[in-house]
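One structure is given below, represented as structure tokens, and several questions about it will come after.
Chain nomenclature is as follows: A, B, C and D, assigned in order of appearance, with residue numbering initiated at 1 for each chain independently.
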Amino acid sequence: MTNEALRILISSWFPNPEFETKSEPVEVAEGAASKAIINPNLLEFTEEGSQFLNVLVKPENLHEFMNKLKTNSDTCFDYLFCLTGVDWGAELGIVYHLESTQHRHNIVVKVKTEDRENPTFDSVCDIWRTAEFHEREVFDFFGITFNNHPNLKRLFLTPEWDGFPLRKDYVDEINMVIK
Amino acid sequence: MPLSITKSIQEMLLSMMSESAAYYAAMVVVALLYLGIFAIAGLFLVLLERRIAAWFQLRIGPNRVGFQGLLQTMADALKLVSKELTGTDRADKFLYNLAPYFVIISALMALGLIPFTKEFQAFDINIGIFFLIAISSIGVIGILLGGWASNNKFALIGAMRSGVQTISYELSVGLSLLTMILLTGSLQLSEIVEVQKGGWLIVQGHIPAIIAFMIYMIAGTAETNRAPFDMVEAESELGAGFHTEYSGMKFAYFFLAEFINMFLIAAIATTVFFGAWLSPFGITESIPWLGVFWFLAKTLLLVFLMMWFRWTFPRLRVDQLLTLEWKYLLPINLVNIVVMAFIVWQNLIIQI
Amino acid sequence: MQESATLNNSFKSEEYFINMGPQHPATHGVLRLLLTIDGEIIKKVEPDLGYIHRSIEKMCERDSYQQIVHLTDRMDYLSSHINNEAVCLTVENALELEIPDRVKVIRTIIGELTRIASHCLWWGVMGMDVGALTTYFYGFRDREMINDIFEETCGARLTMNYNVPGGLMWDIHPNFIKRVKDFVAHFKTKIPEYNKLLTGNIIFQKRTKGVGVLSKEDAISFGVSGPVARGSGYSCDVRKYHPYSALDKVTFNEVLEADGDTFARYNVRIRELWESLSIIEQLIDNIPDGEHRVKTNAVIKLPKGEFYQKVETARGELGVYIISTGTKNPYRMKFRSPGFSNLSALNHMAVGGKIGDLVATMATLDLVIPDIDR
Amino acid sequence: MSYFSNIFNGIKTLLTGMSITGKYFLNSRKGAITQQYPDNRDTLKMFDRFRGEVIMPHDENNEHACTGCQKCEIACPNGTIEIIWDRGIDEYTGKNKKKIDKFVYHLSMCTMCGLCIDVCPTDAIKWGQNFENSVYDRTALTRVLNKPGSKLRPGVED
């Protein structure tokens, strides 16, 4: 599936309640239409200038959305090939890179939270088992905790390590050389 | 009755001192002589193994210390002697220190029985083969003790594997030698050699003898805990196995004993299958001392075969090790004995 | 009744823990595995990582794009050229640079040579892990020839840093083509030897067949890639699905094995050697003339956005994910390393096997610890 | 029957394996792949691109080509290169120019990435093929690459 087709399909899962009533007769250009019919409270397509389709999900919808991406036979994203924690400055978030081994299409799902003290997302390791290790890595370096993770503890660093090194505000004057 | 080396030394000493003193002095002299052989043979075999391994592996091997590296193992031994003896906390100190001696003494005792030549045999007991099998399995007690006492899980796993392995493979070693005993009718090593003047046993017993020899070599390799049966050490699985916690000279005892055991297994095979010190077709019958040469030549050839195994084959897994013994070697061995008995009964032996 | 209870009690088996690593011959570096064992049978494997974590991702955030390349050498050092290539491709794609064909072809040849070198080392170490020590030297002998080729052209044997964003640091050495051809001819006679020595060996087959089975569904779910995934019949070769450099110009087969056990993974790698040789043979006579490098700015600034590039290293799919804010440093750099995902499947594969099986399974995962730890 | 065929096939594969190692054993005299390292020091020659260490070639007049532009210092990812410079009157042109006082190279920090040599506009630094860099004291790995009393080769401009 192309990115555009994916966008339309995914949009249809989260219909905009305000738009629904009059969506029937509208047959305008795809881009505008899909933007309009999607519920902005749940889902948002973002432009990142990358080759993939980018979707921003609300944390509370994350697990449900991911599950749908995996189980829906048209999308069938069964291969989570990259799970990245990102510190966007004000927000902490996770980027999921997904690929379907059947259809060979890709999608990037992002999730963000502004809570830097106690960021929490739902774990996706019941959907893709590879997420178990990747989420531990993210927990280790960003301090993002995951609900329902079977074994959430530090993976690389020692348990008594103070702070989360890959956050932008992490300081370690002894070990870090800043140019 | 061959003139044993003990007797000749005793007679020599008898001219100097009283009978009982000479008796004890002879014992000490023989023991020291064999200790010397033990050390030299051990060190030489280690060097041989390293050089041969190097040649198999496209390397050169140790060639710096002494001519062609002849003193290399000497230097290693010096290093090991001077090394600190470390041990683990909460180890069973007594058993921990005892274990290496078990291993090395059993190897040394077995060495006394080997007929290097007609004259050169310390202890020609009439239950020779039986004694050898019995004594060689004492070594495993040392390994078990060492593994248990060092308070290390890797060592313990190694020791337990060793126990399992040795108990199983004792059977095959014993039975394959028993097959040959059917031909000789005697357990005494000198008589086994005597029988072979009419053709080496592997020729006399032809097919069952060859099968018995193959089984013996496999089981013997397993007895000595060498690759492909080195479950006990299993470098990539257990680090160093039962001797993980041993250092310095205590480690060297284990190490030397392994090589002496290999030599022993080969020496027994030489004695039982290849006519010990008898020369092929009796070509040097008139020069008795050449027997040592023939004995060593045959033994080292078999040692080389074991090294060849070691540097070619992957290691078996512990359950496959037992499968090989109980499902393959043991049934074949039992059938083989029956076949051999039939051959002896019908007198189908090839005599030269 | 009482008696039998005490008897049962005295034979009660108990699980115990064993620390495999960080210094252990079979973990190839400083991987630490916490094993829960019942006798010889493995109940649980829990990796403990981070013994050589250098936080390359954090270091990248302060480095310029040229400087990042040499850090990737230190991740998966056995496929360092491919790692370099991945970063360079990401940067070049982001800058929309037109890379000369010569560069693409040379990169592909060296990349495949890297793969062969890595597989040679793996083969030797695989043999060593299952107890056949001699394979190690035979594998290294052939790898040494490739290393000589690299040293002559790139200047280093392992951490080559031959790629720069925009092309290659230098042009190939005049001897390069001849040496590569010599190697290909030499190596074609050696793979059958590999097969005779180890693949066909009955002990080796018994040790590997049916051991550490990973089904196709599990392979996908665990996100494993490379030869490990292809041994489970999961077609995932990045070179096929997302061809980069000159890989779209060559024909090769993606090696697939259906069994998913250790032997299948072993076979995939051995067969991949042939495919890599064929790729090299197709390209080595057709290196186009041209520049070896495109001029870039001294300070490379990527446009704002996110860039992802995947390549197939010897271990599997390496992903390079750059989030750029338009400055000379990446805002966030993520390496999706193949070893990390492959390792996550180890517990699943090893449980129920013996210690020897764990070692054999780990050997076919072909772990490089700096790749996992980054 | 498969019991026996298993045994025979097994033995056959084992013998095939032994034939391979045996072949190498017999040819071991000519086939050693290892080198006897310290003994072959005289004949050992590295490839010309080999990255052993960074050197600064001086010509017979004790002149080098480093203008002190510090591009290498910026390009280095590890802070391996430190250039201590000064301004002074150039003898040939009479202009007030940047001059290097010391080109300090910390070999202990160098990862041999080659970026400094790549960016050098005047080819003042090059790869040396020396690979025997072990020393007893870490400070011996910090080297000053420009020789004492050396100066910039006339005509070299960046």
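By definition in this document, a contact is a pair of C-beta atoms (placed from the backbone, for glycine too) under 8 Å apart; a residue touches a chain by one contact, two chains touch by 3 or more.
Quick caveat: nothing in here was measured; it's all calculated off a predicted structure.
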Chains touching both chain B and chain D: C
Top of the farthest list for chain D, CA-centroid basis, is B
Central subunit by CA centre of mass proxy: C
Roughly how many whole angstrom separate the Cα centroids of chain A and chain B? 66
Intercentroid distance (Cα basis), chain C paired with chain B, Å: 44
Rounded to the nearest Å, the gap separating the Cα centres of chain A and chain C is 27
Two or more other chains in contact with one residue: find those residues in chain C. 63, 134, 137-138, 141, 197-198, 201, 203
So which bits of chain A are touching at least two other chains? 177
Spell out, as numbers or ranges, the residues of chain B touching 2 or more other chains. 56-59, 311-313
Which pairs of chains touch one another in this structure? A-C, B-C, B-D, C-D
Touching chain A in the complex: which residues of chain C? 48-50, 53, 55, 57-58, 62-63, 218, 220-225, 234-236, 241, 303-308, 310, 317, 319, 321, 323, 332, 334, 336, 340-341, 343-345, 348, 373
Considering only the defined contacts, which chain A positions touch chain C in the complex? 48-52, 54, 78-82, 84, 86-87, 95, 97, 101, 104, 108, 128-130, 132-134, 137, 155-158, 165-166, 176-179
The residues of chain B that touch chain C in their complex are 53, 56-59, 153-154, 157, 227-228, 230, 234-239, 311-320
Footprint of chain B on chain D - complex, ascending: 7, 14, 17-18, 20-22, 24-25, 28, 31-34, 36
Can you list the residues on chain C that touch chain B in the complex? 16, 18, 24-26, 40, 127-134, 136-138, 141, 197-198, 201, 203-204, 206-207, 354-357, 359
